[in-house]
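Report on the structure given below.
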């Protein structure tokens, strides 16, 4: 079994830096890897138009970079299937979206943990890519690897905020992050994901998580945005995503060029 | 958000013409679009061998034709996942197969409606294709678009016919259509989907729907078949499908040519 | 509808020989077919990185060989959807993994049986590949074919062993096979799938199945391993899988060549 | 090696009926096969967006129908590569587009004939699908099969018409068909592919081919169009194509429905 | 036929802004389109791992944006095939790499021009996507569209610089751009693509092109770099590419975050 | 640039062990890698149904195993395009099939060598995967890597045997291997690839190559077959291929099981 860089960093209490991908283009994974700066890539699997072979390609490409690991975001509508397929493909950590109650959080943990009496999980042996197809099916190393899967849940509804203390107390929840967009919808504030009120909720979630010893991961779009969270004690940052880098470049440079051309080329 | 041609036609009380596809071939979508005659294409997603990237290609190709929109038929075994992925890809309307009770119908409506307190839906923000990946996540325009999704359910079992009044009363059910094949199975009449009795049931469904103000859509294979339904007050027709056009041409012309060749070329 | 070779063999009380595939490569199916020795191929769908088009390709390629049929292994996390899609694609028999109780077994049988009152199944008409897309939707021949689908379940947990008698009594369960790896996990013996104790459990399952008239299928990696099961009365064997053939060849011949080269080429 | 239905029909002097495909959708191949009326399908490979795996899928799907075989149209820009890959995939006959001179025609024949001194071809052994990957590489049966490949060339330029007698005399050219569209371009009559003059040229080509004993194949869109060619002695007809069937259905039925709806539903 | 935005801009003497893509991800095309700033996207087809279906997807996605058109870079090893396939798919303009002599340039022009006596081209009718598969094959509108294809060649060798005057005099060459990397290799200066000497060569090419009335397009990575070329009279700029946007973001922000984290989180 | 394991082994005069793949399945590459015994995998690209993305996947998967490298077999019909695309994808060595003359061999070497005056090659800069897309385009490290590409040619015709001395003298030809199947065809002995005469020719080629200092690579199917070649001085062996391993297993074990079952289960 491949070692899990994220689990090791958490075990050692070290900070982590991640980025997100909406596409599954392996060329993009390789360039993120070649930049040398990231501990893991989160595949925004809830939005990505993936296929099962893409999940294997995703994990395989990450494995070219020994300093990196992977995480997949799994949507509510198909948690058991997607989580087990992601792990089988070799993606090493799972983010569950839309986790509203402690009971749901417990179920999420069970989806990734091994089918042993002591773990109480639902994840069985298999001839999957992550064990070399044939080589370590059901081995003790595999059992340990499934115990080491980092489980993160998203807190992104008014209901989840009400249940936050209980969710944070669920054994096996390693990380959380706040979803301002869904939260604002559920709070009856559609279109206000960037409002001060929503931001306060995010801070509330971070503070509670830090107190409980669960690590809050914060999504930012620029380094400047990190400072205030560092001051709060946040150690886990996720910056940018593949499509945003391209759009931002095109938007800002495209408009500047248009202006330059309009002023100079007539 | 792209405007939804089908919702507009329903709002204006206008009739609609649609056709069906079993494959996802974009060339076929383009030729349907170039024919200029159809308001929307229903992807028979329950039978199609689709992948998530195919759903995006389907919606993208439809968008080349401003006069057209799209609908996806979603099977019982995976409703939440497929409906949200179809909408995320840019398919604008959903047909739920095998809807047997009012409770199921209500759940179907919830799958597409936004996650706001007033809508009570289960459809959250996302970095999906339909909002420009990054541009309108959770915006008010998106909330409105999800309210505008046309929801159609199939009435295709003895049980659904028993519950028809209640199903037709569910808020958010815009259209219905009758499934003679499954109906005949559930009524213990396998292989009799074209029988007078089954046809009577279809008429019964149409009449009830018209009375309730829910629009019945009728699947036909030739223009001639439309007349009797027009007389009943039906305004929504779906004619033909991609594979049937090819098979019919090959069967009728192939056999005629064979005869011609047998008679003249020996 | 295509005839189902496996159902015919079971009806006639004849023994069967199968092999397994983890990939979906049609070239491999063709070579298995050309070997002429196998009655069916089990697609280990629980582990395979398949897409819906792959399932059609799998069934289509099998159909080039009139002496063969197909089975798909379906995971717990998505049974209804996968089983119906496999059947629709033209895969003719289904193996359900992780079946722990008689109730689950009964549900599994319902997933494949037709939607008629007498069958009580959940499998409806469709414009699927297995009926020629347009030609035999809901016909009596299709109803019969769905009754003829061979249903096999895996017995692979301590709980399933406790419930074995009841599971074996479920009408419609034709075959069973034992999963030593998951069994050992659930019995608190991770990594001991080859232990004498686990083997005893497998023999216990085989004996009970034979007594109940349910056919136990045994997975082996070499002909030699068949003997002891033949002596027990087992008539259904599955030997090898695509990836194992390649790995075994590479491991054994690669190491021999390395030794030869080390001894002779310096 | 699979028997070549087209070669057998030509050897027996029997007429042939074919149809064309622009897509590679296997569902469409299967429905053409199920219609039972066609001897072969021509893949319009010059226009199709194919990949090498698609060529194998095309041939494989055809092989489900013992009464059918396949032909691929190969464009000028990549003749050697595409022709050999098509044959390797299992497509059994080749149509070369844009063949302007006897020298080109001779080269085309060489591309498909075996690499033996007596054949003078350029087609060598291989581990291709058509020989079972491993089973008949370079066998005498394969040599014979490559001699049996039916070679058709398109006559579709003013230059080709000038060289027609010589092209028709090239050993190994079995069939020809006329390309009115390219012919009209090269004759300085863009957009006049349906003009009487171009039609006269087609008849001229047909007459010469018949006199030389090379079989002219005629592309038609309706049975009625066949009569005049039957009277000339033509025995090989190709009717319709996949995309045209769909477009024609949508255009004619769509417009009729629109009219019906406009007149009745307001 | 779709109008060709680039041809119109050139006809009107207006400046153009383009960007490049190395992947074929349609999501990226859509975001470039949504930025609203670019007249066309150049697909770096020489480096892209494309398939023929990808070319259709590329063109189709561009067509969602009426203000944009497309160009494909075609490598030396397969010019005729790729150029005609790109045009057939709906990509409207062609860039030929590695064009060393006037004779090569003339051949390149012939590959895209129609097969009429007056044009002397090699591009014939077809059932391609760009004419609606069936609708405008060989029409006068198509002939005109093929005359309107913008042809650009790369000047990227010592030999091409020697032949520059003649290449620029070839009728049908609309644009040129300089390839500093290949040029430096052929000039015996591997690894010096950014040297002053290579830059001087680029300026020399630009000046000659401007004098001849052929439009030089300049590839830049930032707006600042445009100024000096604007002063020279250059009106056609290409800024950025998909993979570079992502890599630059990851490299610069990743390193900044690492430093921030190292300084603040220990 | 990644180091080239094969070039290093040749430089050090060490023996090499390789195997072949006809499919591109990454699972198979991973299991070959996990076997730990092979220095490189030859992709039989002449027969494989590959696409350009598959070549990147092939190279990427090989790179997971630092002890391995890759080679691609390139067919005569498309040498320049395929060789440069294979190298661009990250496949590090090239085997050219059907090389009949010294002139052809020289051309083959040029296809892979850099475009510098001293190398006289045809391989230019690019934004390919092998240089990190953006990072080492045209760098000195890339120039060196292209010089280090191992070039192997197949000797597989009567003509090539006549020209053998000259071919072996071409600078840049590192390895050769004999093609008995094509050789037997060209020698007028179709179907006799295993005859003593053809075997003598192979030995003749090996002896000449060894004398010239060009390394002959021998394809074998079992270790036993290696001995006679070791005695001749051969140091480079290629054993087995993916499809053969599966077919052999199925054929031998399938037949044994059938016999066992026939004898014991009636």
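Chains here go by letter, A, B, C, D, E and F, matching the order in which they are written, and residues are numbered from 1 within each.
Basically, a contact is a pair of C-beta atoms (placed from the backbone, for glycine too) under 8 Å apart; a residue touches a chain by one contact, two chains touch by 3 or more.
Small disclaimer: the values here were computed from a predicted structure and weren't measured.
Shared contacts of chain B and chain C, meaning chains that touch the two of them, come down to A, D. Annotation: A-E is the more contact-rich of the chain pairs A-C and A-E, by number of C-beta pairs in contact.
Rounded to whole angstrom units, the spacing between the C-alpha centres of chain A and chain F is 42. The centroid of the Cα atoms in chain A and the matching centroid in chain B are 35 Å apart.
Chain B and chain F, compared by their mean Cα positions, are separated by 53 Å.
Multi-chain contact residues of chain F (touching two or more other chains): 22, 27, 31, 34, 51, 56, 78, 129, 133-134, 243, 247.
Chain pairs recorded as touching, per the definition above, are A-B, A-C, A-E, A-F, B-C, B-D, B-E, C-D, C-F, D-E, D-F, E-F. Of all residues in chain A, only 51-53, 55-56, 78, 80-81, 84, 88-89, 114-118, 122, 124-129, 133-134, 137-140, 143 touch chain C in the complex they form.
Partner chain F is touched in their complex by these residues of chain E: 22, 44, 46-51, 75-78, 98, 156-157, 179, 181-182, 184-188, 190-191, 193, 241, 243-244, 247. Residues of chain A that touch chain E in their complex: 15, 17, 19, 22-23, 25, 27-28, 31-32, 34-38, 222-223, 226-227, 230, 235, 237, 239-240, 242-243, 245-251, 253-258, 260-261, 264-265. Chain C makes touch with chain D in their complex at residues 26-27, 30-31, 34, 56-57, 60-61, 63-64, 129, 132-135.
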